[in-house]
Every structure is written in structure tokens, then in C-alpha cells.
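For reference, the structures are reproduced in the following blocks.
Note that chain A is present in both complexes that follow, paired respectively with chain B and with chain C.
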Partner chain A sequence: MLFLLFGGSALVTGITMVLFPNPVRSALFLVLNLFCVAVLYLLLNAYFLATVQVIVYAGAIMVLFLFVIMLLNLGTPDRSLDKLRWQQPAAVGIAVVLAALFGAVIYQSVPAGPPASAMMVEAPTLYAPRAEPNPMLTNQISDPNQLRAITPDTMGTVTGIGQSLYNPGEAWLFPFEATSILLLIAVIGSVVLAKRRLPGEDASAAGEREGGTG
Partner chain B sequence: MNQSVLTDLQALICPLVVIVLGMIVLLLDLGTGDGPARRRLIYFVSLGGLVAAALLAVANTTIPNAGVGVTPLTHFGGGMVADRFGGLFCIVLCIIAGLAITMSDRYLEEKSLNSGEYYALILFSTSGAMLMALAYDLVNIFVGLEILSVALYILSGFARRERRSEESAVKYFLLGSFASGFLLYGMALIYGAVGIALKNTGLLQPTGTSFTNLGVIARTIQESAETGGAPITASPLFIAGVALLIVGLAFKAAIVPFHSYAPDVYEGAPTPVTAFMSAAAKVGAFAALIRVFGILLPADNASIAQAAVPFHAVLWGLAAATIVVGNVLAIRQTNIKRMLAYSSIAHAGYILVGVLASSVPGASQNAKDAVIYYLFTYTFMNLGAFAMVIWLGRDGGEYTSIADYAGLAKQQPLAAAAMAVFMLSLAGIPPAAGFLAKLYVFTSAVQAGLTGLAVLALVVSVIGVYYYLNIIVAMYFRDPVNDFSSVRAGGARAAALLSAAATLLFGFIPAGVFSPTIQRDQPTAQPILGAAEKSPLPPAVAVVSPQP
Partner chain C sequence: MPGQTNSLLNSYIPVLCMGLMALFLVVVFVGLSRILGPQRPTPQKLAPYECGVTPIGSARERFPIKFYLIAMLFIVFDIETVFLYPWAATFRHSGGMMLFNLFEMAVFVGILLVGYVYVWRRGAFEWDN
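Presenting the complex of A and B:
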């Protein structure tokens, strides 16, 4: 029930975010959307993730977003630039068809319709309880495959997430570290693309650029 | 524990070296001197590092590979795998990055672009494609793809004073992130399908491995087929997931319905970047395609292969459409960068034929080797052709119209000869390596029973001969319109001549680690690439407890 409520409102806020032409309203709806997703995380027993979602995304990042929007004084974009008008209805039509397809697929595949609340209770049982003591705690690690950090107790807590993220025997250490390269690239990119005029750039070319984007 | 981490790092040494190299280049750009000396230092450090990385990858390809009945040697909790297949792709990527960097030196100077970030981004992007080739987990494939593409978005807008470069970056970024969304959604659906299947069959997942691990997925597919009932490959969730996966990867490889960004992006991006992305993005995407489809649509089990039939039809259609559209639209192009963009789409189609053949039992091994060989030769001929454009350009400008190259042979016979080699090779005419590559791919397609597709590809590639020869005719038989008497020396010339030499060399001596012929000499090397599908799960990852 809660899942339907918050899943539905996440969908609605997502759509309204895209539909509103005013960037401030869009950003505010995005905040709402992030809150709904945080509740969904809670329903999946991911407490820590839900907290971080609210603090980092809905809090810090969205505040920055709003600051930037207000600093740049962005207004409603000019729609007359849209030259391919026929694209819009076509896109909506195709999107509806695609959504219907995926809806049918997911409806068919989720087995024997356990209600969302029942799924929620079952979630921890996906992770089977272990009989032997946690090798992490007893310092008897011989085989990386023995490192099974997540138990029903630690699942969703900081401990569980930390153990699965930073444990070389787990699958998640590598993508986690690789993501840092991705962030480095993003930083380089913002420096390269957003830097003001470079020493070597001549004024005329820069002027043309200003004219092009402004 | 430390021991195992060291082994893991050692197995992934090639991408790691490239990543560290990128960071070193960034620091060098900050710390050392000024002006041309710094540029030269960065240039040579990047090239030297890439050579080292390639050599390390060569060492990796000789690591005994997983054979039949042997589990693949996975690293980092099963997420990465270092085998001959991945090692070969890493070498190809090192060559691509090396050629792209070689041809950029004068170009960057004349356009007064910052070199440090540029080389670093190329290196990071290369490492992303390497991670895709070495990934054994859908999550790692996605992270690798994002590293590859985010760096490419930035690179294509690197000449930020030019409107076309900006347009190219924005287009690529918007469409690319949309495609990444499709890919990610597909992965999420597969995750769900695997989870549901494991729950239904009572094979609960041990904690600590992921549902997106290719080994876990392969095991689930097999077990769900063995325990009777519908195999997971027949579940709609799984099928939808695979379909979305195809969309995401096909976008990166510029397969036809998802190709429309390619000509605009290729035209607008700085030429060395175009050269780099036309090869690197394809190599990454095809490596992931082959790896993923070997697992998700295994051909060796009859009941599972049944479920894979629609996907074979889809890939068949994509390959045919790509070949036809790429070749037909290339004819009408007058801009050489756009022409090469459409030609690279057509080549993606030929490679897809090989990928499709690799999913057919019996032909799998040859087809995979044929695809690697094709990408290897494609690297030289395509990057070589772009290097020609840079080489013959002047004062930061380039001759992008095909008509501009008229009469080149009279003024610069060497350049015209090199260009002719690339065009002949791209067209697939015998003395050049492109012919052998096509031969291998089409042979493996016939072997896989895809005779119709092979014939179609052959017939349509004859159209390709027209537009490739068009350039040769212009160079040799028309009167000059431009003055090519003083062309710049520098890296682009070196890259072009090197590629031309390699194209000819590999046309005459199709040897080396890449050639399918090596399989006949070393029967022990036979099961290398196909092994991953056989029994992909380490025994430790077994059933822990039944469903309560």
C-alpha cells in the first residue's frame, strides 16, 4: 500500500518535473521525487541509503541546483526554437506504447501477485542466514568467497554497506573505485568546458561563441 | 587477503596503468615548465605509457585461459575477468589511443587547445573501454561504459570555441545519456528476472555476490532450464532486459536505428577525437556485446537456444539494416568526415555479423577471433584515414570536402598512396588488411549458417567500393584545386604512415596474436574465448539454503 502510494507519487512528480517549463518548479518537483524514492528505499530496508538520499540529494545537491538556477536567473525557455513540431506528439505516442509494453512485461513477470507489503517482509529472507560465525569478525579469512558481509542484521545499515563496498572479496569494491575515475573525469570536464576565455583564445572567436550560446 | 588483492590488481594491470598514466599526465600538465617543452613531455609520456600498457596486456594474453570445464579466473569478487579475449581488446585499445595521441600533437598546437586535459581524457576514456572488455558483471560494464562515454562527451566539445564542436558535444551527451538510461534499465530488469528465478527455483543467492554477475546469470539460466519449467530466458522480464541492453550497446557502436547521432557528432568533434571515438567506442561496445550475449543467450543448450531465436532475428535485422543504410548513405556524402562516419556505421554492421555468428554453436570460436581481427585492422585503416585529414590540413583548418583532395597525387604522392591504401582496405580489396578481415568475418558467418546475411553483406559492400574509390579517383585523376605543396610534418604524418604500413603488413602477413590462423597451430588455445560460457560459477558460490 505504502509502496503504491509513494511509487505512484514518485512517478507523478517525475512527470510533472519534466512537464513544467519553469526551472524552479521543476527543481522543486525533483526534490519531492527524491523524497518519494527515499521512502521506497526505506520500504526495502535500506535505512542508510534513504537517509543519505534525503541529506545528500534532496538536501545539499538540490539546494545547489536552486541556487544556480536563481543566480543565473533562468526563465522559461523559448519554445519557438522547436522546429520539429511533429516530433512532440509522435514522441508522446511512442512513449505511451513503450510504457504499456513495459507495464505488461512487469505485470506478467512478478509472480502470483504478492502485494507490495508482503514483498517487503520477504526481502530480508533473500539473504540467507549463515550458520558459521562471520569470518570478518573472527579474522579467519582464507578464501575471498567466504567473505559474506551482509546478514539480515547488518543489511541496510552503515556496517552492512561499508562491508560490502570496501571488501575486496565482494563484487562492489571495483565498481566503487572505478566510479571515482568517473568523478575525476566529470571534474576535468567541468573545468575544461566551463572555464572562461583561455590565454590563447582570441577575442573574435570567443565573441562568436558568446553569440552562439547566449 | 592482501595476496588476493595483489593478484586481482595484477590481472587488471593494463587498464590500471592507463588510468594512472592519465593522472600522471594531469599532474605533469600542472607541475612542469611551460610551453612546447611541456607539451612534448606530456606527449611522449602518454605514448610511452601506452606502449608499456600494451606490453603488459600482451603478457596477460598468455595467461592460461579458462578451458572447457574450467571456471574463468575472476577478480574483485567475480566482477572482473582477465582472459585472452579481454587482453586482446586491451591491446587494440592501446593502439587506438596511441594512434589518436600521436596524430594530435600539431593539431592541438594550431588550435591552441590545452594538451594536458586532452591526453588525460583520452587515456581515461581508453581505460573505460578496457574495463568494459574485462568486466564480468553488468555493473562493471556500465561503469566502464560511463567512463568511456563521459570522457568522449567532453572530448567532442573540446574545441569549445567552435560552434560545431559544441553542438556535437551537446548532441552526443543528450542522446548518449538517454541510451545509458536504456542500458541501465535493461540491467535492472535482468537483475529482477534473475532474482525472481533464483527465488522460484529455491536456489537462493548466497550473500556477497550480485544478481548482475555474468557467472551468476549463466548459472541461473542453466539451472532454471534444468529444473524443468520455463527457463529464465523465456521470462518476459528477462527478454525486455536483454532488448534494452541491445539498445544501449548498439547506440555506442552506432548500429543503425541508433546511429543518427554519429555523422553530426563525428563531423563536429575535433578530428583526432573523431578518429578515437569512431574506434574506441565501437571496440568497447562490441567487447561488451560479445561477452554479454555469450552468457545471456548461450547457444550450447537446446532449450535455452530456443528462447534466443528472436534475438538472433533482431540482431540479424540490425546487422542487415546497418550494412545497407551505412553504405547507401555514405555514397551521397561530400564531406570526408561524414563519409567516414557512415562508412564506420557500415563497418559496425559487418562486425555485428561476426558477433551474431559468435552466438551460434560451432562457429563461436572462429567468429570471435574474426571480430577481434576485424576491429584490429579497422583501427589502423580508420584512424589512418582520419590522420590523413589532419596531416593535410593547414593552419588549424582542414580540407573536409572530398573534392578538396583532387590532384593530391601530383603534389604529395606519398600522402595519396597512404590514403589509397586506407580506402582500398576499407573497401575490402585484396592486398590490404581490410580484405582479410571481411573474409574472416563472412567465412565465420557462413560457417554459422548465416549464408543469407553474408551474401547480403558482400553484395552491399560492393556499393562501398564506389565511394571509397571515388576518393582515389579524385586524388589520382583530377586536376588539383588546392595547394598541398607544403603540408605539416609531425605526429599526424607518423600516425598515417604507421597505419598504412600496418594495414599493408597485416594484409600480407595475417599473423600475430590476433589472427584466427593461430588457432590451428595451437590446438590448446582453442577453447579460450568460449570457455566462459561453459561452467562459469566458482563452486564456492553455491546454494546456501532453500527458501523457508
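Presenting the complex of A and C:
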């Protein structure tokens, strides 16, 4: 029930996001869409991922999107900018290919029954009161080499993520520290790109840039 | 265990209730004022009176890139906070690895502190620069 509700609203908000000509409204629909996807993560027992989805995507990245929209001055829709005539047929073709791929993957991963009904049956078992051993959970912990510290009742929670992320026995220690380097690169890169006015830089280039953006 | 995960999921029911309540209140307030309130607009009523000035020009202007920079920095340090959540949740139970975990997070925060100092020294936090 919940899956149908939020999956459906995720679909609807996604479609409205694409169809709205006003980019700011599209961005707001994208916020709704991200919230719906966060609820879907909850239903899949990925609690931490759902929280991160709301904090990072619906919060920070949407702010960035809105600022970029305002930065690019897309407030007034302009259909004449759509110069690539072959873009729409190509998009339809790629969409068909993508749908075929998804269908093949779903059909292969769920051997019993047609793919559409199988999807709907599988999702409610995740939160059904007296469900049998959850197929998703048992699948994921059946690989003992990868997810040693994760037990089914902590998987997806903040504690489970922390155990696997910060345990030196796990393989995620170095990637975690490498992430900080990545974030450092992002900080320095954005500052270097946005703050072009060094003290030693000649003032005319900075003035031009300021006039262009402000 | 299914029971455990279900109780975890059940703990989100208040969040759902709060969302439904907010939706309900919005629908009731806006709907009731739309249904019950008399709507006879005149130009005087529609004028911005004591609630702002008459707008000069369109709001659809290009914003300075300063906003973008602030948003970008916000995202980066937001992600840093996201990494702090699971660390804080498991730190107390890490037993003998406590010192190691502390050092681990110190390295992480330290590397990002370099970026913070760089941004500060570069003056990216100052608006009129």
C-alpha cells in the first residue's frame, strides 16, 4: 500500500517535473520526488539512506539547483532555444531501450510470475507484520566476505552503516578517508572557479567577470 | 529479524502522521478561506498595502555567482556532517577501537579543515569581496 502510494507519487511528480516549462516549478517537483524516493528507501529498510536522501539531496543539492537556475536566468521559458531537432526522437528511442533493459533485468531477477505483479508482491513483504525471512535481507547477507559485520537487524540503519564504515576490518576505511580528499577538491575547485579575483590578478578581467555575472 | 526491522519502520509512523497532519491543515485552512471568504476584489484591495513595496522590475534576473558558491560549500560540509552521523552512532560501542575511530575521524575532519581554512583565507565567506 505504502509502496504503491509513494511509488506512484514519485512517478507522478517525476513526470510533472519534466513536463513543467518553468524550471523553478520543475525543481520544486523534484523536491517532492526526492521525498517520495526517500520513503521508498525507508520501505526497503535503508533508513540511513532515506535520511541522507532528505538531508543532502532534498536539502543541499536542491538549493544548489535553484541557485543554478537563477544563475542561468531560466525564469522565462524559451521554446525557440530548442535547436536540436533530432533530440526528441532520440530521447524516445533511448527511453524504449532503457525500458527494455529494465524489463529484462526485472524479468530475470524474479523468476516466478510476470515482472509487474512480482514487484508489487515483493515490496509489501518488507513491512508485512509476520513475513517470512525477508528475501532481500537474506540475499544480501548471504555473501559473507563482503558484509561481515552487518546483521539483518542493523542493516541499513545508522549503526549498521557506521559499523561497516568505520570498522578497520572492513574494506571501507580507505574509501572513507579518500572521500574527504574528494570533498576537499570540491571545496577548492568551487572557490577557485567562483572567486577568480586574486590580489595579483589584473582588475580588468575580474571587472568583466563581475559585470557578466552580476 | 523481521520483527526488529518492522519496529524500526513503525517508528516512522509519527513522521507520516505529521506529514498527513500538515497536509490536512493546509487543505483545511486554504480551502475554508477559499470557500467561506467573500471574494470581491477591487484594484484598491489588490494593491500592496502595508505589506511590501510595489515591485520594480522582474524577479527573473540573473543572480550573482556568490549564491552558487555558498550553496556549493554548504553541500560539501553537509556531506561531512552526514559522515559524522554513523560515526557518532557507533563510536560509544566501538570498544577497543575507540581510539582508532577517533583518529580516523580526526583525519577526515582534518583534511576537510584544510579546505575550511583555505576558504576562509581566500575570503569566500565575505559577501562584499
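The criterion applied here is as follows: the second predicted complex is superposed on the first by the 117 of 214 C-alpha atoms of A that agree within 3 Å, B and C clash if a C-alpha of one lies under 4 Å from a C-alpha of the other, contacts with A are read in each partner's own complex, and residues count from 1 in each chain.
Note that in this section a contact is a pair of C-beta atoms (placed from the backbone, for glycine too) under 8 Å apart; a residue touches a chain by one contact, two chains touch by 3 or more.
Remember, predicted model here, so these are calculated numbers, not experimental data.
After overlaying the two complexes on the shared chain, residue contacts for A:174 are found with chain B alone; chain C is out of touch.
Residue contacts after overlaying the shared chain place A:67 against chain C, while chain B stays out of touching range.
Of the two partner chains placed by superposition, only chain B is touched by A:108; chain C is not. Residues 126-127, 129-130, 167-168, 173, 179, 181, 184, 186, 188, 191, 213 of chain A lie at the contact with chain B in one complex and at the contact with chain C in the other. Of all residues in chain A, those touching chain B in their complex are 101-102, 104-106, 108-111, 125-130, 141, 143-151, 164, 167-175, 178-179, 181-182, 184-186, 188-189, 191-193, 198, 200-201, 205-206, 208-209, 212-213. Residues 42-43, 45, 47-48, 51-52, 55-56, 59-61, 63-64, 67-68, 70-73, 75-76, 126-127, 129-134, 137, 152-153, 157-159, 161-163, 165-168, 173, 176-177, 179-181, 183-184, 186-188, 190-191, 194-195, 197, 213-214 of chain A touch chain C in their complex.
For chain C in complex with chain A, the residues that touch the partner chain are 1-2, 4-6, 8-9, 12, 58-69, 71-76, 78-83, 85-91, 93-94, 97, 100-101, 104-105, 107-109, 111-112, 114-116, 118-119, 122-124, 129.
Residue ranges of chain B in contact with chain A, taken from their complex: 1, 4-5, 8, 19, 23, 26, 75-80, 112, 114, 117, 120-121, 124, 127-128, 131, 137, 139-140, 143-144, 146-147, 150-151, 153-154, 157-158, 160-163, 166, 169, 189, 192-193, 195-196, 199-200, 204-210, 213, 235-237, 239-240, 538, 540-541, 544-545, 547-548.
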